[in-house]
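Chains: A, B and C, in written order; residue numbering restarts at 1 for each.
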């Protein structure tokens, strides 16, 4: 994904030319799948582009051990539907023995922790279908009406306020906010931490904050992250009756034993949409086992119901086989299903993907359980 | 257009460095012209960017004779008007002795056949001004009102249904659909075929299909293509009264004799807009003759009236001179005129170009005949 | 900003490979700052991307001394807000002993003159906050209501016409029009001139024209530019009562004496918005002084009131310190304040930057005076 093929060329050529300039690299990843997706009612064939991207990066070594960097990454769609220019991570950085600062559009430390644990990133069954809880809720098939209909109280929040809140553009917890400032410590005996600050930029609605600490010791990885959203981070928080600061906590761990790797995640969110004590949790476990040039894998994620609601939880199961054709090119097959409670509406195909049918409902308006089978190819360059 | 200048650098540098990675190339074509265009009534000076583009491509040779590829191409405008990110061909491919599969946004085989025959691609007089018959109808100066006013029957389709149908976003027959799957055979004694499938992606409105067979033998080229559009390919097909599958057929051939090259095209379209028996045909002939570093060229395309309509045909004539300044840079002059029947409204400047005045009408509402003179430069990199 | 790092690689590799092709380069500049900005009432922390960009360029030497070129440049935002694809300078060129022609989206010669004089380009305090007088008036914090409320006459233009005019998309005088044609002379003993023509492209509203002459002699630079906007260049000129051609004149000069550099600008605009005798002038002076690897700098720009208005002028003062970490990477601190007359509404943070709070007004509706402190980093690649 971040290979510096042009930088190699540049470096080699510069060695000959005796020049001394910043290196620039073009890199990317193409990830496309052909899927049979069932919305809980009917199946169709889809083509999906799964966070395919191209990027440009440059860095310069400066006297005194400093390093200046630039990074700009762009989503590539395969369906004629456009995206924002340089919509993915795009930032400048300045690092040294003291650690590294970066400013721009950057994945949050809490998101990065989740990405380390997920065995199905950008495939069907991606953990974010349950963990993101963001403005992409509807994008990933979450039905606002279902979500809010699950409330057992009509007071806090009311159905109308709930609907308005969820529809608002929440930042969520697998986000890549713009205009963010981060500081990452150097590695300290296997421990490294990142702190992120999202200024309120004149909105008078409060800033955002995220901190994550990761520990690596041989085959063991353990991480913890905590994130808060002031009103400036979450348009819905301006609604009447929702004046709390959103917060989320994520714990993750993985361990390798020979060809086996296991991992788990726990997530707890508080005051979703700014509503006091409107909380939920998600847990997930997964494993992979190497088989020659390939690996079999599976994971299970479970989202609890929202506090004071009924039937708003879901369980997602994903099974897959990845096969490497080369160091840079991989093919895979994956199956995923999300069993929704009547008032949930989680997808299993939305996160990181373009093909994602809306979850069907039965004649009583209860959510069905979507499933899918996906055959994909990933090639890095 | 697809030259791999950076790949050369990368290859050379890698040879030195002993690395072994996918190659990535940046390539492109800038094509700009200064035109005097007459809408049939008045002339103005225009600057036009004619499908200028930049692209990125990468490929990797995999053990066992496989080859994985990535391709992403972007239109460049010169007028401050934006386009979708990677709006041109953008796909991944996997090939081998069995042929090649590609998935993404890809020119249809039928379009590619037409491109091989056109002597004025992306210049004024481009054959697609008459052949495309797509949602770009209005874009290329086609007046919906004129088109539908030409109907001699008020029953199938009615004027209102006709207008709605044409205004809808038809895929047309010089298209680059997203989320398409293609398979191209290896060369078999000069014969190669491509099959393309466009899934309905959950629209429940039918898929698209395209097949083309090309034969090359020395200076001779012959090709045939057939394409169908289910309702999912053509929003207008959902209209009441239009429940047929659109289909089109294209035959093309070219032959070279020393400095002379001649080519011809025949196209027959059925059930346009989904209306039963609402058909038309286009024929075209052209020739070029080399003169030193340049070539003179001309072509004539003729669109028949639509079946059961009156005065909806047109004839386009184009004359030009191309002059190569180098292997990569060319200048040219071109003249084109489209003689419209009273109820037609074809342009001669729309296809592949940014400058395209709307066709004028006289005081009786009858279409005028637009013409233009264009001086352009093309440079490939 | 325009360094050809990849071209170097390509050139070196080609020298080995014996090929002979156009060179292509990827280059860019990342410029991000963290600011404390006061809108005249309250202060907030902001992150700003200041015309960060990435570009692609290619050129080919052609027999006979000709040189064909291609250039496409793209803004990079760091805040998730998109821009047009290749929204910056994007053109093709053909040059030789006779000079150079370019066609596409190009900075006007008058803009380029202003850029040579500005000590705070893309930083807070950028001269264009006062000079641009364009459709970005509101973008840079100019309050239309304030501007028009300053009129002392209700006849030419009326308040309503004034508001409509200013809100219309004026081209302004620090512009980068699309579809422009330019010719630049070769250097003639230190003198070079550029003529630019912006065709009316069928709008029937008149074309634009710009000419600049620059003279360089050792440490001395002197330049003059004149620009006119026909109605086609300025949508507001079609308004009733505004039938004049806009025009502007700019004079600039700079002189270096050892570590000191001084520069000054004078600008006079006529018939703004197409209203006869609705004129204004801007003057500016600045200086910088080198201190080791850094430089201190300051500038003062003053915009007169609009003719026949009251209290529509402003004075902007900027102070800064730039420090080079390397040839390609610079950090800086800058302070700027704009003292607005009651009916003006000029910013000091708008031009070339993403973070720009709207200028506050007091309880009487009079404009406040915005100020800010900015810490930035620029890295070129």
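By our rule, a contact is a pair of C-beta atoms (placed from the backbone, for glycine too) under 8 Å apart; a residue touches a chain by one contact, two chains touch by 3 or more.
This structure is a prediction, so every number in the text was calculated from the model and none was measured.
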item: Same-residue or different-residue interface between chain A and chain B, half as cut-off; value: different
item: Turn needed to bring chain B onto chain C - CA fit, degrees, nearest 5; value: 120
item: Intercentroid distance (Cα basis), chain B paired with chain A, Å; value: 39
item: Sites on chain B at which at least two other chains make contact; value: 6, 9-10, 12-13, 26, 83-85
item: Complex interface listing, chain A residues touching chain C; value: 6, 9-10, 12-14, 16-17, 19-24, 26, 56, 58, 60, 62-63, 66, 68-70, 72, 83-87, 90-92, 94, 103-105, 176-181, 199-202, 204
item: Complex contact set, residues of chain A against chain B; value: 3, 5-6, 8-13, 26-28, 30, 32, 34, 37, 39, 42, 44-47, 49, 52, 54, 74-85, 325-326, 328-329, 355, 357, 377, 379-381
